[in-house]
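A, B, C and D label the chains in the order they appear, each numbered from 1.
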Amino acid sequence: MSWKTAITKVEPNKLTLRGYDLATLIGTASFAQMVYLLLMGEFPDEKTGQLVEAILVSSVDHGATPPSCLAARTVASCGVPLTTALAAGVMSIGRYHGGAIEDCMKTLARAAQAKREKGKSLPDIAEQTIAEAKAKGRRLSGFGHRIHTQDPRTVKLLELAKSLGLAGDGVAIAEAIAEAFQRKGKTLPLNVDGAIAALLFDLGIPPELGNAFFVISRLPGLVAHIHEEQTREKPMRVITPGDVEYDGKEAP
Amino acid sequence: MSWKTAITKVEPNKLTLRGYDLATLIGTASFAQMVYLLLMGEFPDEKTGQLVEAILVSSVDHGATPPSCLAARTVASCGVPLTTALAAGVMSIGRYHGGAIEDCMKTLARAAQAKREKGKSLPDIAEQTIAEAKAKGRRLSGFGHRIHTQDPRTVKLLELAKSLGLAGDGVAIAEAIAEAFQRKGKTLPLNVDGAIAALLFDLGIPPELGNAFFVISRLPGLVAHIHEEQTREKPMRVITPGDVEYDGKEAP
Amino acid sequence: MSWKTAITKVEPNKLTLRGYDLATLIGTASFAQMVYLLLMGEFPDEKTGQLVEAILVSSVDHGATPPSCLAARTVASCGVPLTTALAAGVMSIGRYHGGAIEDCMKTLARAAQAKREKGKSLPDIAEQTIAEAKAKGRRLSGFGHRIHTQDPRTVKLLELAKSLGLAGDGVAIAEAIAEAFQRKGKTLPLNVDGAIAALLFDLGIPPELGNAFFVISRLPGLVAHIHEEQTREKPMRVITPGDVEYDGKEAP
Amino acid sequence: MSWKTAITKVEPNKLTLRGYDLATLIGTASFAQMVYLLLMGEFPDEKTGQLVEAILVSSVDHGATPPSCLAARTVASCGVPLTTALAAGVMSIGRYHGGAIEDCMKTLARAAQAKREKGKSLPDIAEQTIAEAKAKGRRLSGFGHRIHTQDPRTVKLLELAKSLGLAGDGVAIAEAIAEAFQRKGKTLPLNVDGAIAALLFDLGIPPELGNAFFVISRLPGLVAHIHEEQTREKPMRVITPGDVEYDGKEAP
């Protein structure tokens, strides 16, 4: 009649996470390594931990206008606890917001399979992937951005994956698709969702956990916005997304 | 007519967080440092980053029975997206669950003020704090645990704070209170909420952000449980908290 | 640059809902009629209003063990506002909980189309519907119940629909399927989800709004449970679904 | 070891709600009566049912700009299930949104107690209530509206309560306060929150359930907006509250 969990064993004065004693991890493991350990069931090596860390760092915030932030601020302005407003932000991470990571990971998985099985070249795989999406009348998730033409986060994440020796088919195919778009004269660069998708795919993360990395990453940003809303603004104000101005510190 | 945010400046191909260029942080800053940067507005030094990291690592999961986990699993079993179930877990972190951190931080703040202003000794401050709570008929948050008599997470967090030179009045008062309870013959050791409260207080974090650190820390655990529920169990099952058994890896 | 809504016009001292002056509806229209008006865009006649009312009455509560109730109670026990706990209950109404209404409406829609286009008899349509589900390895939503063999709510809802002259293909096909199961010796009676699905289908409600009627109906039950939890139980208690006992009033 | 509920008894083929057989209520009781039955534990008489019905009808929607609606639409635009977006709307009903009902009920309770115990006149009670709020630097919840100078819902609800013989101290004090404001030359008429508060107070509803009536009432409006958002608008759009225009039916 019992049910099972393979995540954490709770005993008096002892906590075992996926087979690791939590006490020995405090002060030695990084939070990014814990994320990987909990979701994948194995403790990541140093380099994998660094790449997951970079992914988590890359998406901590993107200003006040993403819908998760606006939802969290709107709920926060009604006078509810911080965690209630945070829940509104978390549940916004859906098919169309963050979901690009999962979508793009599935695209990369299909393309990587085609590459392996049919021995096609990267440019061919890229052309075929674009053609298939076009035939279905769908946009390819992970390419193009309404603000950034060359997303600084993408550049850094790809560089890091390569320097750590962790870039595989995912990164290669993602870059090949971006190049194919460029050859066609389309401004559809690899965006941060696409870059994260490529890195997570190369780390062997299943696509259905793609959004999880994004939401873990974005949480501190949402907390900061909720706290700012509740300490700086009047309750029940009208929040007009287009009217926000940055008045914080400038980069040196 | 505009409203202001001091968190993130979004410009084409450039993201500035609290005055720092995000691109230069990817691959160099830790996620823990980003949490501190976003919530406190300043980039933490190496040691502060390490202590925040340890706090985030310490609470990533505590098995399947905390109410946030049960709420998340219950909602997950109804066939909703991962982020919806996650929201249920996040909103559970309230006054009675995680809230001990905020409560304990307020207690420590009052005690530290009394220590500064009245020049009382630590044992006196501790006795007075216990007496005040008793007079109000309230339990002191941060002390005692239904399972652990000496919480391994507490031990490690306090050791680390001291070795990093970051333990101040918060840690001293928390330990003095635990000792006072012991002198009275009460089994009310400093628990992990109390330890985190002491460390956050000594880092200068405002009490109303105490729960935020806990919820950021707990997110990967909640994700792992939701994913396990949705991949390992039947939908709409009856979840009996007392019937769960660990069948994962054992510590070596 | 503007966006449009066709639901409610807000003017000083005047509110117009779907073309009706709200002031004239207060005291004359039923809440059930307002639900229909808002969701369907037209004011329902008396009989339609009565049937919607009966549907809303039928599902107000089903005790403490449905997952929406357990999720709401679990979150409520953490010390959050009533509406936060209510949100946890609402978000639980998903594919596997309440979703049977939507699923069953789609089944009835396909069967009704087959009936119209191919002129088949009700028993034939029923057999074919069961066969198709079996071929796909799927259970037919809306039939069978873990507790009730003849759900008293189903009986009453079908009787009312017939007496009001509002039972159409949906009810006929649903009953035919239940009879076909009976002929096969299977205990899969039409349950309340199936009955509501049949009635909503015959009222012309689109399937994607099926869950909405269920969640509107269930809200007062969820509120009652949250209020009971927060006034009768200790915070952070372990909620064991199988250990609940009714100690309220008995029916006369 | 068992825990208790006094709300619903679930037996095979029989559901008893607060001592009433659900089957006999389907088709005879109104949804409003069920709300009262579940929350108050007793079946309301005809007139009480009518007044609760009017309260539920009065707040079904107030256009696209209340924060609960904007939160629900923002989350809906991210591609999540209807019930997830609905949860975002529900959790927005907090201290500053809907909370005016609870606040105003508490004010009326204090004033009614003063009236009973000290035998003061209504104008004196009103002046005193206003003076006490002013002394604390607080606005009186339930009075004043950013759009309506004479809220049509308020007028109708008060009329109905009086004609049903259900207006008591709550209505009398609320009207006296509005008159006192008028004598002072202030445009602070009784708004719909205040009117609902007065009626609920006179029905004997406890203040902490005030928000519950509001959220039950508002649910169909939230559903309508979420459905409109998901069927009429593009995903992930920027929702500017001030730019919404009504393009629905006009009142005849």
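We adopt the following convention: a contact is a pair of C-beta atoms (placed from the backbone, for glycine too) under 8 Å apart; a residue touches a chain by one contact, two chains touch by 3 or more.
What you are looking at is a predicted structure, and each value in this text was computed from that prediction instead of being measured.
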Common touching chains of chain D and chain C: A, B
Comparison of B-D and A-D by number of C-beta pairs in contact, larger one: A-D
Between chain A and chain B, centroid-to-centroid distance (C-alpha), Å: 23
Averaged-CA centre spacing for the pair chain D and chain B, given as whole angstrom: 37
Distance from chain D to chain A - Cα centre to Cα centre, in angstrom: 40
Interface hub residues of chain B, defined as touching at least two other chains: 65, 80-81, 83-84, 87-88, 91-94, 239-240
Interfacial residue positions of chain A with respect to chain B in the complex: 1-23, 25-27, 29-32, 34-35, 38-39, 41, 50, 53-54, 56-58, 60-65, 81-84, 86-88, 90-95, 98, 147-153, 155-157, 159-160, 208-209, 211-212, 215-217, 219-221, 223-225, 227-228, 232-233, 237, 239-240, 243-252
Contact footprint of chain A on chain D as seen in their complex: 65, 67-68, 70-71, 74-75, 77-80, 84, 87-88, 91-97, 99, 235-236, 238-242
Of chain D, residues touching chain B in the complex: 80-81, 83-84, 87, 91
